[in-house]
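Two complexes, one shared chain (chain A), two partners (chain B, chain C).
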Partner chain A sequence: MQRTGLFIERAGFLQRLNPLTKVTGALLLIGATFLLPAPLTGAALLGGALLPLALASLVARRFLDILLKTLLPVLISLALVQGLFFPTADPMTIPVGPLLFRRAGLQFALDTGSRLLVVAGAPLLLFQTTHPGMLVQALIQSGMPRSIGYILLVALQLIPAISERAVGVAEAQRARGLETEGNVVQRIRGVLPLVSPLIVGALVEAEERAMAIEARAFNAPGPKTWVRDIPDPPAERLARIVMLAALGAIVAGRVVMVFD
Partner chain B sequence: MDDASPPYAPIVLRHVTFTYAGASEPALRDVTLTVPAGQICAVIGRAGAGKSTLCALCAGFVPHFFRGRLDGDAVVDGLPIATHPIAELVRHVALVGSNAFSQISGARFTVYDEVAFGLENLGVPRAEMIERVEWALQALGIDHLRDRSPYALSGGQQQRMVIAAALAMRPPVLALDEPTSQLDPPAMAELADVLRALSRQGITILIAEHRLEWVAEVAERVVALDRGAVLADGAPADVLTDPRLCERRIGWPRPTQMAARARAEGRWAPDRPLPITVADLAAGWRAAAQDGAPRSAAVQSRSEAHDSRGATSAAEPIVSLEDVHFTYPTGVEALRGVSLTVRRGERIALVGRNGAGKSTLVRHLNGLLRPSRGRALVGGVDTRTTTVARCARHVGIVFQDVRNQLFARTVRDEIRFGPRNLGFSPEKVSALTEAAIDALDLRDVVDEHPYDLPPARRRLVAIAAVLAMDTPLLALDEPTAGLDNASIDALMRLIDDLAARRRSVLVVSHDLDFCYEALDRVVLMRDGRIALDGRFADLDCAQMEALTSEVGLPIALRLRCAGI
Partner chain C sequence: MTTSTTSQRGELSSTALALIPIAIAINVALGHLVQSVLKLPIYLDSIGTVLVGVLLGPLAGAITGLLANVIWGLTLAPSALPFAAVAAVIGLIAGYARQYGAIRSWWKMALAGVITGVVAAAVSAPIATYVFGGVTGAGTDVLVAMFQNLGASVLGASFMQGAVSDPLDKTITYLIVWAIISALPKRLLARFGIAAQ
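Up next is the complex of A and B:
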């Protein structure tokens, strides 16, 4: 039973980094892909940064698999719509079978599409190489409220727990002769016995869980400690500063360009 | 005088009365209790007697989490409960609730991290934290599960994990609410050892518990509660043999009951005190044998009491599984060739370790799961060719987690649901509903919401709701978990009554004593196969050994094995 989201346990490059470094890197990539003015920025960052990182972290196959499965329909429609109907003065066209694609439109689709891939790919790679527990711990250690961290983690584990419970409820009610297949009337009659144990169960559990974490000293005053150490070598701290500075420089450059 | 000063008492309650907000009756009435350091004090009583409230009070959850009116003084480890928040009390007392699943924090992804969670919150330095977590994992025997997800454990494993998580916090006071409800006999014995070791280290332990045999083994003192008030308080040997326990339907431990029966029949010396443990019972019987008392029939099982062998062998089958194999989509092969026939009037115990295939087998009894290979016939029809709802006319199943089942606004509506689904006439639905209400002693709560009842009675509602479907076979998954003796008695009477009306019962349970007393045929599962199928009365030594190594033996058979 996996309850750790997208995380894939491998001993690769990104897995060894501090989660904060990876978060900063992802932010820099997303910022750069939108703010750098050059054409094909997205494609360059995808090929020059994300893919090599995915390879070095031993998750490249799963990375591409998820990224393309999610975005391929968007990319295809982008290419079709923009390629065929992009409003442009540029007369250059590229014939593909019976269709005439406008060059500027394809250029725009490629530009936007590769940016989309980076915007989705950077967080995907972050989550594939970072255990959610470690990510939340690192965020809390750098100042995020513990209660918010708790909510993030519980949500991650609760959704699979609720779907398991739904199976149990369906079993219990079918065993009591509830017909869950069949016509609309039968199905509507089946909603209440299937849904209400789930809701009542979730409410009762929420109270019990609140009690349980109180009993585990969640609200105890005083400094907290962590059983797992997240290494944060000086080199990584420096790298984060550099990346933030780069992001700041890109933003500043962009602002100056706008006002020029 | 110096030596007259009493030993330090971490739990001091003086005239404590507590009424939950909105309740008309107090849950605790004028309770006065002083527990000295290092004592293991068990609190017993019927469902709703106030045991859980007492545990919650000692940890400050009453009145800080569950609001209400608290009168009297409650002081735990020197801190008055009323004026100290839970966040502060938690360094002095740890509480483990009865439902292990909902005690899991949800914030940690492995058993190891889950056990460490409380220590992180207390700010324990890492080196000490690691040492304590390792110790707690070892102590509860879950070291091998350290990297598993807390949600991927069985109920018994989860229960051990949440106890380990509390122990790791090393509180001076430990309050455990029904810690054995999901444990099998070997795990119960291990827990008893751990608690004894903790008590020797000076940790004060308060346990609310229904299983009186286990209480007799582990407790140094027993407090019996009745409707919120202290009924008896003293040494286990005195309290657990107190006749008032039977009058108030709390009951006695099984060895005590057996000896009392023997005494009534002249097989137990009248001057010999009643035993509370199996060892004392065995010793008493040996002594009686030496005195020349009649030896035979020291203990009788139901199967000996009323022989149903001839009656059932020719009876029509309700369910037959023919060489059933079942593999889950995950690739786990849960059944590897199971053949089992359940006939009219049979009382079957299905036993085995966690993961042996019991739950998978039960789901084949009504078509919830269909064989990957082999055949399952329910009422003569192959489950592959019919629906679960149709199988439900022949087999009713009550699953262990009753929360998945209960949804109606009143107990009566809940019980009506099943028979109505089966399309019975309104008169028949009413008659079956009322009969089920009476069979499980629920008349006083028919108009209440099932969730407003204590967990034990909620389970009885779930059983009544399936009983009312009037199926030839009733299958019950862990029906005695969390039940008090009075409810277990009601369940035994129900099973007897069903058998008398040629209806069959199949019980999945870790509670071997209940199985032995209420049922006659025992089916042991191991690794997806049936390792043993026979009648309790006919088991030979090899079969008893097989049973012992997998799930333990009922007290009566242990005595028989010991030659008594």
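Up next is the complex of A and C:
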């Protein structure tokens, strides 16, 4: 099986759901964190929704691992930059060793950080529990253009291959004496010899791929059939309607608050 | 000049369908390579987007940028996802640069790069501010801290950081794309509707 990104093959709770239900759920969580008061909403959604779901889907360890690995630098930077330099009229400061943190800045960092964890966590969990092929098929069957689905799937498959080729080109050019160390000017001059073989090769490949697409009548009109069937029980349809209604209610609530 | 982006029914042509996924993979692979192997203070993560925009026009360019960030955000770096709108705008401008004939000379491409950079900075500042609180965990955060310390708001500091980094990054990107396209065989260029010079 080819590397398909984040997907982990387990028989947990979320893996059994229809991809559309999970997409709707992720949208609801993201909408809620931005529209309801931070940091409480973020903490509640992370602890009350994302973590239990990750546990029930048997991916909790990998979920936390990737979430923290990707967000930790942002969170640290957020606390330092905004804690120390946040523009505020509030004179309250909190001394930590030799540093004076601004209270309003730390509050801002906490609010943003709690939101960020949900905004990154919801799609992460979606992709850890959904095979990309199933997701794209479900999206196409509910109205996404087929060409967009094709592009998404092929790009997902190509990224590991092209990354490998990029490293190969870098090594080959270094063997021919290309400087990849040294000062900035030297390194900038190294960009073109790395990039051009990659792109020229890609353009040639694109031409071959275009002919293959034409030969298989991808753009032919008329209905298409599917090899796999994705189950969509009535309970899940109902759940999607409820989640969309909840999202609508949150948006409406915020609009009313603004005009009140 | 006719664009070969769409067929008669408004669907993406087979050439666009073939090139866009490869361009997306190039964005991601090169963005990573440049930052980890060459360790340059620029991103170079939109070469594929600009290439498609210049070869196939605004629609294909915008789709490339948008989907590249969606894929990058969902697989490797969640922080790329909210900037998908910026990437789409970059592809759109690259497409218009093609229509203005920017590909014919290197200085027009450089100019298109500067314009793209300024627009990208303007579009990304609100996203950086409201989603990330002004920082992204990269080296450019130092600039944000500096501008805030000089009295700028979070939004203002985010825009100034972008206005410093983006035009340089996009100018280099456009010049790389220009250098590559100029070196391509005429037969290949004809497939993308670009007449030989």
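Rule of thumb we're sticking to: the second predicted complex is superposed on the first by the 187 of 260 C-alpha atoms of A that agree within 3 Å, B and C clash if a C-alpha of one lies under 4 Å from a C-alpha of the other, contacts with A are read in each partner's own complex, and residues count from 1 in each chain.
Just so we're on the same page, a contact is a pair of C-beta atoms (placed from the backbone, for glycine too) under 8 Å apart; a residue touches a chain by one contact, two chains touch by 3 or more.
Just so you know, these numbers come straight off a predicted model, no measurement behind them.
S.K.: Could you look at A:148 and tell me whether it touches chain B, chain C, both or neither (first, second, both, neither)?
M.R.: In the superposition, A:148 touches chain C alone.
S.K.: Regarding the shared-chain residue A:221, is it in contact with chain B (first), chain C (second), both, or neither?
M.R.: Both partners, chain B and chain C.
S.K.: Does chain B (first) or chain C (second) touch A:40, or do both, or does neither?
M.R.: It touches nothing on chain B or chain C.
S.K.: Touch check for A:58: first (chain B), second (chain C), both, or neither?
M.R.: In the superposition, A:58 touches no partner, neither chain B nor chain C.
S.K.: Which holds for A:158: it touches chain B only (first), chain C only (second), both, or neither?
M.R.: Both partners, chain B and chain C.
S.K.: According to the stated criteria, A:187 is in contact with first (chain B), second (chain C), both, or neither; which is it?
M.R.: The second partner, chain C, only.
S.K.: One more residue to check, A:209. First (chain B), second (chain C), both or neither?
M.R.: Both partners, chain B and chain C.
S.K.: Applying the document's definition of touch, where does A:108 land relative to chain B and chain C: first, second, both, or neither?
M.R.: Second partner only.
S.K.: Check whether A:77 is in contact with chain B, with chain C, with both or with neither, and answer first, second, both or neither.
M.R.: second
S.K.: Among the partners chain B and chain C, which is in contact with a greater number of residues of chain A?
M.R.: C
S.K.: Which residues form the common part of the chain A surface touched by chain B and by chain C?
M.R.: 150, 154, 158, 161, 165, 180, 192, 196, 200, 204-205, 208-214, 218-219, 221
S.K.: Which residues of chain C touch chain A in their complex?
M.R.: Going by the criterion above, the answer is residues 7, 9, 11-15, 17-26, 28-30, 32-34, 37-41, 44, 47, 51, 63, 67-68, 70-71, 73-75, 77-79, 81-82, 131-138, 141, 144-145, 148-149, 151-154, 172, 176, 179-180, 183-184, 188, 191.
S.K.: Chain B touches which residues of chain A in the complex?
M.R.: For chain A paired with chain B, touching residues are 1-4, 131-133, 149-150, 153-154, 157-158, 160-161, 165, 168-169, 171-181, 192-193, 196-197, 200-201, 204-205, 208-229.
S.K.: For chain B, which residues count as touching chain A in their complex?
M.R.: 59, 61, 65, 86-88, 90-91, 94-97, 99, 101-109, 112-113, 116-126, 129-130, 133, 149, 151-152, 162, 165-166, 169, 363, 366, 368, 387-389, 392-393, 396-397, 399, 401, 403-407, 417-418, 421-422, 451, 465-466, 469
S.K.: Which bits of chain A are touching chain C when the two form their complex?
M.R.: Listed in rising order, the residues of chain A that touch chain C are 5-6, 70-71, 73-78, 80-82, 84-87, 108-109, 111-113, 115-116, 119-120, 123-124, 127, 145, 147-148, 150-152, 154-156, 158-159, 161-163, 165-167, 170, 180, 184, 187-188, 190-192, 194-196, 198-200, 202-214, 218-219, 221.
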